[in-house]
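One structure is given below, encoded as structure tokens.
Should a chain be cited, it is by its letter among A, B, C and D, assigned in written order, with residues numbered from 1 in that chain.
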Amino acid sequence: MEYTVGSIAPIFLSPVIAFVINAFLGRKLPRQGDWLATLSIFISFIYSARIFGDFVFGNFATDFFIHKTFTWFDLNHAATIFKVDMGVYIDNMTAIMLLMVSGVAFLIHLFSTWYMDHDEKHGRFFVFLPLFTSAMLGLVLSDNLFSLFIFWEIMGFCSYSLIGIYNQKEKAGDASLKAFMTTRVGDVFLLLGIVALWMFLGSVNYVDIYAAIAEGKFAGQTVLGISFATFTALCIFLGAMGKSAQFPLHVWLPDAMMGPTPGSALIHAATMVTAGVWVSLRMYPLMVLGDITWFIAVVGAITAFGAATVATVQTDIKAVLAYSTLSQLGYMIMGVGVGSYNAAFMHLITHACFKACLFLSAGSIIHSVHEQEMPKLGGLRKYLPYTHFAMMACTLAIAGIPFFSGFVSKDRILGDALYYGFMSGQNPLLAIVPILGFAAAGLTAFYMFRMMFLTFYGENRTHDNHGHGHGHKDAHGHEAHGHEIHHEHLDVRQNVPLLILAVFTLGFWFCGTLTGQSFGKVFGAKTEWFKVLVEAPVVEKFVDHKREDFSRVDTREKTHLEHAHYHHQTGYAGPNPDEHKLHSAHTIGAIASIFIAFAGVFLAFLMYIKGSVKPWASKFPGITKTLENKYGFDEFYIDILIKKGLLGLNRGLAWIDMGIYDRYVVDGMAFVNRVLYKSAKWFDNVVVDAIGVDGTGVAVNLFNLVLRIVQSGKIQFYFIMLIMVLASYVWTLNI
Amino acid sequence: MMSLASYLIISLILFVVGIVVMIARKNIVAILLGIELILNAAALNFVAYSRYVTNNLDGHIFSLFIIVIAAAEAAVGLAIVIRFFQIKETIHIDEATQLRN
Amino acid sequence: MNQTVVSYLSQYEFYDFLLALFRNNQGVLAFTLYLLLALIIVGMCATIGGLGTYAERKISADLQARIGPNRVGPYGLLQMLADGVKMMTKEDIMPFTADKKLFYLAPLLCLTGVFATLAVLPFSSGFIMADLNVGIFYLVAISSLVGLGVFLGGYASNSKWSMLGGMRGASQIISYEIPVTISILAIVLLAGGMGFGTIVGRQGGLPHEWFMFHNPFAFIAFFVYSVGALAETNRAPFDLPEAESELVSGYHTEYTGMRFGFFALAEYIEVFVVCGVAASLFLGGYNVPGIKLDILPMQAAQFVIFMTKTLVLYYVVIWIRWTLPRLRVDQLMSVCWKYLTPIAIFNLMGCAIWMVVFNGKSIAELVLGSH
Amino acid sequence: MFLQFLFISSAVLTVSCALGVLMVKNIMHSCVFLLGSLMGIAGLYATLGADFVAITQIMVYVGGVVILMLFAVMLTGGNDFVSRAQNLLGLPASMGNKWTYAIGLLVGVVFLLTNIQLIRGLTKALPVKTITNEFPSTVTQIGHLLVKDHVLAFEMSSVLLLGALVGAAIIARPRKQN
């Protein structure tokens, strides 16, 4: 199979083309060009599927690898070599990721054509959606941090535009600004990390970074008193934290639901937030080398747990989903931290599928009922059967019920965390990581089923707030307020994306196994395909990596290099777990998480269906209040950091200005000046005026008589003089 | 016959004629014509050196840039001339005295 | 090294014979041959230009269900000779207030500009006066002399109609040069060279090998070029400089006799040249479908192919003239600057991207598979 | 042989037309003479093997600059405004009569003589290169140079042209009559 520009570029370019056409001609196209955007993503999907299918069905290989570069610009002058390469880097992980991003994005686009129908922002929405997707695809394809950063920022801009698309609403505007500003904090660090790497290595290509790690170039380098590897790894991870909404930079994500629901689905599932996880995974060797994995794990665990607790008290259906996204992202980051590379990536994929589905389902509900507060919903099972089915499947998946995808991936992360926290001989304080992880798992099951039960089960409360009697049987509902709920029909654009995504919540897609060389033998084998395909980069392979030029047509390159034992070289120690202990940790983890998940579900059942346990909100008002305030992060940022901090500083400065500077310095200067001016007056009158000014005037007049001839104001006269001077200069050269 | 010196002399003659045009004419457009001649003389020198002295084509590039600059200069200069004519109703160079006093 | 018609002929044996006739004086022989061939080409094109007037009248008559010239010679074919004789024998009137020198110069500039373009027009792979490696660029550059001639003609006549016509003509020709040149640039990009030999050589005889069908952008570029070329040659619907109904035939109002004849001849030959350029840039030029032989008789076949394509385009030009009404001046400018130029730039970028993305393969090659 | 013929005719055309620019009173004729001079320079470029530069010269000057000049002349009219102002030395303040021609020629001759000195010295000092009559195509090489070694100047000139275009359009735009 050949990979040329033509077979890779369309993945990224076709949505860009759709973006350009929609941006300039969108208004003139039928349906404002939404079909074009959808079609373009479908083309991306086809090309991504080709790459995916090529390595799975074609010539299955664990070291599938394409790396093609071209020189973007090359200012190669005598001393300074400033050369920037761009290129694509496709390995197994990229192929899976491309398929996921383009597939999920395609379904979201398809759903959006239904959701945004007759919306006033229909056209603009479909301008940014393909750009967003293309930026993510470009980010995934990038082979270096530099182009990754470009796409990173394009995504930041797109999320800003999508969140604030209803810019007539103040809240939406604020939310978009918040998202933009908060992620910028992380981006500054990311840029710092990239620049540091650039200055140090002269390249930010993944391959070069891996090679530098393998060659031990980082050893002994320090910056600001800490090791260089730690510094760059930390900077890059802080960038990832901003994008992946990790504690404490998470505040933007819950507000991001201000945008249209499919946009949120795209932000929460396929793009944007996964970018942070993606860069953490790509830079995993650097993180390990910099020894910050414990930090990553703790941040992830705190995010996972904190967000899960907040989600238990939210009433807005989208807010619950937003916090659940935060929580799941925490899991992924935690997975990266505890060395569960492959499971973290798997969770990224599984989460993308079920979270997209959940958001689309929420969109379906909101669009059908025009209500997103859960206390005002309920009993929708009968009206929205397909949505219910899809959402139930996803809830089962996210809650970690066996046989669903969430179980497979989350359980593996939890197992690794358990090993990491208790058995690997790490700092005993890190036991907090698995504890928080398991607690979050239970909470996840609880709040997700709380959401399901409140939305789909029990009585229909949609008409309560309008004072129209009780429940769905009320025949007058449609007369006054037009909130009549129609029975859902199987609509290609509304339900089919949900159902397709729901299919992928099943676990066996992801833990399917294979033997030998083909995907065809999925069942009845020893190793799961995901485990085989995705593995942390072996940096030694990249030491003498030869690049391919982009323009050349080459057959697929496979790097058949022996996997060197790299653990004890040059300070880079990858995860080297004790297999036996790891296995037992996984067993314990699986059993515990099943138990915890069912406990959560059961608790939700008791509270919201059976009613036998009263919701604990009234019992613990203090905790509830804290949770409803989302731990007060927004207030903290605004009140403490901005109002108290910045304004206090300003007030202090104002006092210094008025009290000290104005009073003593300015007034004192005035006094001194008064004394000075009297003496100066005398000096001025006698010396300056009489001698200086008048004398100069006389002198100038004398010169003027001569110079007036030259300064005629005639341009041609000046030109004559210029030429004469030039001629006299040439004469003096005397060659 | 055809040597570096002959090209240099042709270019020198052009240059001198350009100078004389610039000095002797009073019409602004005519002065611009003189500037064109001067620029072309310079460009011709570059190409001549490129053929007879150096081994690369940098001289060609330079004369290309000179042509570009001459075009830009002509466009802006003539725009100024037209604007000047709209204000003063003449293009006599000596009427451009507004900045003198 | 640039290939020329003489260097082409020198590979055949009869060239040695001729050389012997000229006592091995290569320079004189080359000069004689150039002179001869230049005379042939100029004579042929002048005839084509003359026939152009005949064709114009005959085709317009056809379109308007008349008969057209039919008295002089068979089917009125000799009408152009009669016209020529009439023009030459007419009194050459010089307006009293005209700027005499420029009045003489203007038609000559027009004619020079047009005839100079014939030097690079590829009638066949051998029968091209000089296959300059900057051929198409030379053609575009030298044909701007026509614009100058039109302008000076309008100015020198010192009459209102002529002045307006000349101004219109100059502004129109300068403006439309931009989309035309950019469209040509797109083709230069595809061919990888500016010489006509290179450009035509990169194409094939069959339609799917033509540059017009190389990619969608080139396809659009052909139409941009066609519209721009119509405007550059002052043909209807862009014949504003010589609009009979508004300006009493514009810049050549005051011209009589053979001077007027020069203008007319220049226009008809320029149309021929423009059609020839379109044929060789977009429609495969002189390539004979399916046969790649380089023997002397093939030159005749190539010549016939080239002439066929060109004359078909020539017919289309005349057809357009008698079909479409004239534009207004502001419409003319907005067509150029608001539509054609952006489209041309878009095409250029599109072609560049296409060349990068698909490694310079045409649609046909992509579909049928490259060989 | 042919090359020398081309060189001589181009040189004669260039110089004589340049003198024509200087001599004729009519500004329109001056422009046309300038055209001839520029065409002559294009011919000289051709004799130097600079095919691309030669054609660019024709393209830019004939197609652009000269027509622009003619337009400017026509828009401003050839009025015969004569200024009789003089400066302190009694010279005519404006240049445009016999006196100024005399001054200009004087300056020109001085400059000519000095520079002939210069050229004489230069031609002796510069290294001698063997010249062949082969003229390889320069187009490809110029293209490579433009986008590699001189890419910055190339981009800057594009910005310059854009600036000139916008500037010229703004300056020459007729102001609204209040």
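Heads up, the rule we're going with is that contacts are C-beta pairs under 8 Å (C-beta built on N, C-alpha and C of every residue); 3 or more make two chains touch, one makes a residue touch a chain.
Please read these numbers as outputs of a predicted model, since none were measured by experiment.
Undergrad: Taking each chain's centre as the average of its Cα atoms, which is closest to the average over all protein Cα atoms shown?
TA: A
Undergrad: Round to the nearest whole Å and give the separation of the Cα centres of chain C and chain D.
TA: Centre-to-centre distance between chain C and chain D: 29 Å.
Undergrad: Round to the nearest whole Å and give the separation of the Cα centres of chain B and chain D.
TA: 5
Undergrad: State, to the nearest whole Å, the distance from the C-alpha centre of chain A to the C-alpha centre of chain B.
TA: Each chain reduced to its C-alpha mean, chain A and chain B end up 57 Å apart.
Undergrad: Averaged over CA atoms, how far is the centre of chain A from the centre of chain D? Could you give it in whole Å?
TA: 58
Undergrad: Going through chain B residue by residue, note those that touch at least 2 other chains and give them in order.
TA: 19, 22-23, 93-94
Undergrad: If I count partner chains per residue in chain D, which residues reach a count of at least 2?
TA: 52, 56, 64, 71, 93-95, 100, 103, 107, 111, 115, 120, 122 - these are the residues of chain D that touch more than one other chain.
Undergrad: Taking all chains into account, which pairs touch?
TA: A-B, A-C, A-D, B-D, C-D
Undergrad: Within the complex, which stretch of chain D touches chain B?
TA: Spelled out, the residues of chain D in touch with chain B are 3-4, 7, 11, 14-15, 18-19, 21-22, 27, 30-31, 34, 37-38, 41, 44-45, 47-50, 52-53, 56-57, 60-61, 64-65, 68-69, 71-73, 75-77, 79, 81, 83, 85, 93-96, 100-101, 103-105, 107-109, 111-112, 115-116, 119-120, 122-123, 126-127, 129, 131, 138, 141-142, 145-146, 149-150, 153, 157, 160-161, 163-165, 167-169, 171-172, 174-175.
Undergrad: Where on chain B does chain D make contact in their complex?
TA: Going through chain B, the ones touching chain D are 1-10, 12-27, 29-30, 32-34, 36-37, 40, 43-44, 47-48, 50-53, 55-58, 60-61, 63-65, 67-76, 78-83, 85-86, 90-95.
Undergrad: List the residues on chain A that touch chain C in their complex, please.
TA: Going through chain A, the ones touching chain C are 4-6, 9, 13, 551, 553.
Undergrad: Give every residue of chain C touching chain A within the complex, in rising order.
TA: Those in contact with chain A are residues 356-359.
Undergrad: Spell out the residues on chain A that touch chain D in their complex, using ranges where they run on.
TA: Contacts found on chain A: 708-709, 712, 714, 716-717, 720, 723-724, 726-728, 730-731, 733, 735.
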